[in-house]
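There are two complexes below, and they share subunit A, which is joined by subunit B in the first and by subunit C in the second.
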Partner chain A sequence: MDLKQTGASRLLPRRLAQGAAALSMLAMSVFASSAGAEVNSTGLAVTDTEVIVGQLHSATGTMAISETGSIQAERLAIEQINASGGILGRQIKVIQEDGASDWPTFAEKARKLLERDKVAAVFGCWTSASRKAVLPIFEKENGLLYYPTFYEGLEQSKNVIYTGQEATQQILAGLDWVAKEKGAKTFYLLGSDYIWPRTSMKIARKHIENVLGGQVVGEEYYPLGNTQFGSLTNKIKLKKPDVIFAAVVGGSNVAFYKQLKAAGITSDKQTLLTLSVTEDELLGIGGENMAGFYASMKYFQSLDNPNNSEFVKAFKAKYGNDAVIGDVTQAAYLGPWLWKAAVEKAGSFDVDKVVAASAGLELDTAPEGYVKVHENQHLWSKTRIGQVQANGQFAVVYESDLIEPNPFPKGYQ
Partner chain B sequence: MKSFFDKLAGSKQGAIGFLILAALILVVFPLTLDAFRLNMVGKYLTYAFVAVGLVLCWGYGGILSLGQGIFFGLGGYCMAMFLKLEASDPESTRIQSTPGIPDFMDWNQLTELPLFWEPFHSFGFTLLAVVAVPVLLAFIVGLAMFKRRVGDVYFSIVTQAIAAILTILIIGQQGLTGGVNGITDLRTLMGWDIRSHEAKTVLYFVGAFLLLACILIGRFILASKLGRLLMAMRDKEERVRFSGYDVASFKIFVFCVAAAFSGIGGALFTLQVGFMSPSFVGIVPSIEMVIFAAVGGRMSLLGAVYGALLVNYGKTVFSESFPELWLYFMGGLFIAVVMYFPNGLAGLYQSHGRKWLARLGRWRPKARRAEPVAARPAPSSTPEPTSPALETTP
Partner chain C sequence: MDLSLSDFGAIAIMQGFNGLSVFCVLLLMALGLAIIFGQMGVINMAHGEFLTVGAYTTFLVSSLTLRFLPELQPYYFFVAIVLSFLIAGALGWLAEWALISKLYHRPLDTLLATWGLSLVMQQAFRSIFGAREVSASMPDWLMGSWMPTDTIDIPLNGLFVMAVTLLLTVAIFVLLYRSRWGLQVRATVQNRVMARSVGINTKKVDRMTFALGCGVAGVAGAAFTTIGSTGPTSGSLYIVDTFLVVVFGGAASLFGTIASAFSIAQTQSMAEFFISGSMAKVLTLSAVILILMLRPQGLFSLKVRK
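What follows is the complex of A and B.
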């Protein structure tokens, strides 16, 4: 997913908290332990007591609003890992770089983290564009990136662990659910105009036409930042689709759902399933403006399991009671934990060994529940359908089985 | 022949300034910086091409273009298209539905290479296009604007609008252009791996020499009669026009030169950084490029290079040390420059540095006639008798 904006007022106190967190972490890194070249044969920034990792998100610019949740979640995970003794007896130290919502800056900072700082792993990127910009550098320098966002798939780099869902995981289960539960036959596809919505809708169309035997009655894309959906609401009223399947991102979301509501298209008459609204976006849209609509995600803050209640509690303790946790924030939280598990399994920080150890790795402490790393470096995960509540949370109405990640889906390309 | 070299070198002081810059980027940086930092300086230098072009068209020609990113981007995209085609051979794209076309086209359900991509299989054509495409667009824009005597702030607004239009066009036509992501994952130039350190160092020197060449071209233009006319036009356009000169043609020319420099810079940027995206085409980067020229001194070709280096170095250093506050530092720097050094670094040197240096070294720089290196006092300060009828511009 890409470029989204929500209400900004909650950010400042969190940033201050981050600074405090960084300080407290420095203070904690005084443990010592065993050493040896075998844990680090490629010259990474690993000492007997410390291992350095990089964090590369946009702390400034238009994407800061979305990426801040990921920055916070990764910090929280690293802090928790340090508090529980670190990795192979080493405390994790973070070098944070700002991608500044600017793709070449991401590339420059990635090169800095890998070439100069020799970080053992990088947790970062959010938009597909930023990932595409740093990818050649990670492959060239043999770095390791944990990428948290749900995205369009069509990629599998040996230097990236994708902790968000790829498109088929998110889409197919959602479509199956509306077809079965709502008896949907006609679909109206719409999204913002860039790679993620277009790829997602391509997959959705094939699934609707070839598997579900349904019909796509409309497919439209709007420029990023578009706020005029008047003609769209008219078309929807005319075509009367069983389901609106939406992947609108950014500030567009707010205008889109408010205009739907103003046009009388609400959940009591119309089913809508979105791929791009998490708790973060709901802050901007307002739960009351899209109450009753559905979202297809792997994680909702309201998930009821012990892992998640602990995670939500820790997150709120650190970043304030008003903090909300979206799908990507949770996926970002998994990054450091998956890395820790892989390093300990490999007994080494070497990127090749960590990547090799990642395949088949299981994590049953994830807030979303059990996850497992596939050989293609994406996660096996469940997809949930959440129904928007007026208070800005989702009520989970459906949960799939574990779904295999398939970034290059046959028959859907 | 002698006068030709005189024009290139400018004054004695100009020659010294040029040699200092040349020594700095050709000798000092390569010897003192490690590969990573040198590569970054190489990237900054590609912005300096734009700044040098801006000194010509803004500082001397009085044409403030807020859309130089357009030309930087066009040059960069031309180069990126060539590199992308080379990276998209049927072998490495065999998992696609249509092997042999760039990956983003495949994602957008294109099944064959669009016609306008075809010529970019040729390196010769690409090199030509890097300069020709920006110049052609600059020519059309210039023709449409200057022939109608659109100038000043209106011209700036139009260039800004074009930058916005081009960005929207590139993002909207993502099947043809790569959209928001841009054209990424560029690997080799005619089989030569541009991602290696050695390649980056070679590209650094190529860029440095081209930049020095551009500065010399700029000096040549300024020292010629054309340069004098440019300044005359900037200060009193009507008078030049009434003297029988075709003002629009000169403006178009200098605008095209600035576009050509930007295009070359963009192409080198693509080679250095390994991708091109619409984020260099839009309004924000275009204004940033004006800031490079402003910080360096908009009347100084050499100052523009220092401005580009300094601002970008500041961005890097501040953002590495203060990832969440650095934008405030940059903002502070710009405000300080505009408020206290309106003529930029070069103006600072002119007003203080020279005296200081003279006292230090006990030599007195001779005041010379043609001196593009250092900023001269603002022309408006020279009192000149003007007839009220000609006073059309405020």
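What follows is the complex of A and C.
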């Protein structure tokens, strides 16, 4: 009995061992074709030579106006990374999906990229609405999204790295500057009627009233796509604010500035600070129609530093000499680079490890200058004030210190 | 607030002008649609895109003038308007020939077909001109303001849009009510079968009417480059207001369209001055809905024996 048992127990382990050896060889060959377990333990689309990422922006529909720049910048960054040897020795391959300016489409495409394509990261979205539409999917599938747009804050997901500024970074420095430099006391707040302008203006009002000791003499929102601003220009003349603080977006933007100029409200008589005009929007507005007004952003194409001149040169070489680069385009360009740095620091493509490695990550090759990822997954960044020039560029007139991102600002909600 | 009486007077004058200016914009954008909807019963969902054709034509003429004949830059706008009319009209002619003429007995299908057409045109603009907005360089005489006194600014582009609207409305009026062709159009509207039996080529009339409506939209689009944006989807900014004006005015009535544009513009403009922009829109739309509930045929309607 004992012997038998021993015999059997001797036999069994040997068989098992053989089987295990065969299995492990099988497994080895499987992993060999789909990358070692140490860099990819969650079944992402990573092989020994290639890693697949997704790009999810609107190439068609209303938002294509804005998102085209982001698509171009992310492509450029990925090409440059590939040319310099890729990430952990792997070339990046992109699957581009079109959100078509339609939020359910964004959600559907996000699901496709994460569930079917198993992409290691997604660079995408522009509007807050599209980000909110894909967020539950990224959280459920544990995907990783690099989101480039400056936005209203009040969000922090472990599955998103926000490479644009949150509202307080962009707004407070701008308001401080205009109060100090222009001696502004009275403000007219103005925006398109949706979440970003309304949240931004709420923050602005608190700051003006509680910190700067100024006064808000008007606060107004116009429907998206509104093209008639005649009554507004008259109201502005009636209230005579020191500063018009504007966050008008889309097609309305062009109508607003053309009509402001036609009504005789120009920079020699009126200070205007905007949150929503970048070089991209200036193409449509025409620099001559808002020359002398100011914008508060973290990046302008005209920034004078070696990183930026290289970036501008590469961008123009790829997309033509007339191509312009706005704030969001630059933030989108940071996405792939931040991802590369995080993956290399983590030594793995696993989303959890990449996210963990992201906090505290520093990048001194960014066109906007040095940036650092905060624990809240937003970036530390400087805010600049640019003055619109007739040629469609901005002249940078002020630069803040590095500002800590604070997506849930106390006292501003 | 430290406002003198003269300041207040100046703002009242400018606000009055603004009301007129909005009226002209609404009328101008609705004219083309009113012709097509009123005379043919076709709901042209692609109307906004024909506006955009005019806007892009203006942009092209402006860029070409700047490159080849910079000294003529101040005057290019007149060429642009004529070309916008011709190009948008020709495209309209083509659309009627290829699409609309096949669907006259299926009004709901024309709605769908023209909506499809609008999507196709939007994507075509995007493929040809790029997704980003463009800006035609405005001649100096169109930008800035006319200042009769120190405190009054009358926008020049507003005056220009007004002049274009006035000329176009008069021209359309003469064409529809004083010309032989207009007589044929009106005959076709009132009784198609009878018109055909007295020898009117109703197919030709339809095609020309549609082309005219689209051409007028093109002119409107060209004029709007002075006050608005030029991008692949710019036309869609106008489409809701356009339908509002035409439906509120009552189909088949040019006077209705004018009266409707005037009342909507004045309500909107005054409301915007006293309450915020979004709320003004809500107020205007509510008023229109209320009136349409009481008077479904619109402000004016053609009296036809049924």
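FYI, the second predicted complex is superposed on the first by the 378 of 413 C-alpha atoms of A that agree within 3 Å, B and C clash if a C-alpha of one lies under 4 Å from a C-alpha of the other, contacts with A are read in each partner's own complex, and residues count from 1 in each chain.
Rule of thumb we're sticking to: contacts are C-beta pairs under 8 Å (C-beta built on N, C-alpha and C of every residue); 3 or more make two chains touch, one makes a residue touch a chain.
The model shown is predicted, which means the values in this text are computed figures rather than measured ones.
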item	value
Contacts of A:L232 with subunit B and subunit C, given as first, second, both or neither	second
Which superposed partner A:T62 touches (first subunit B, second subunit C, both, neither)	second
Touched partner set for A:R116, first subunit B, second subunit C, both or neither	first
First (subunit B), second (subunit C), both or neither touched by A:P223	both
First, second, both or neither for A:L283, with subunit B first and subunit C second	second
Partner chain in contact with A:K258 - subunit B first, subunit C second, else both or neither	second
Partner chain(s) touched by A:D98 [first = subunit B, second = subunit C, both, neither]	first
On subunit A, the residue positions that both subunit B and subunit C contact, one per complex	59-60, 193, 223
Subunit C to subunit A touching residues, read off their complex	1, 3, 11, 14-15, 17-18, 21-22, 25, 123, 126, 130-135, 137-138, 143-145, 147, 153, 155-158, 224, 226-234, 236-238, 268-269, 272-273, 276-278, 280-281
Subunit B-facing residues of subunit A, complex	2-3, 15, 18, 59-60, 96-98, 100, 102-105, 107-109, 111-112, 115-116, 127-129, 132-133, 135-137, 140, 152, 154, 193-195, 198-199, 202, 223-224, 408, 413
In the complex, subunit A residues that touch subunit C	59-62, 64-65, 67-69, 193, 219-223, 225-228, 230-235, 237-239, 251-255, 258-259, 261-264, 280-281, 283-286, 288-289
Complex contacts: residues of subunit B adjacent to subunit A	35-36, 39-40, 43, 95, 97, 103-104, 107-109, 168, 171-172, 174, 179-182, 184-187, 195, 273-275, 277, 279-280, 316, 319-320, 323-324, 326-327
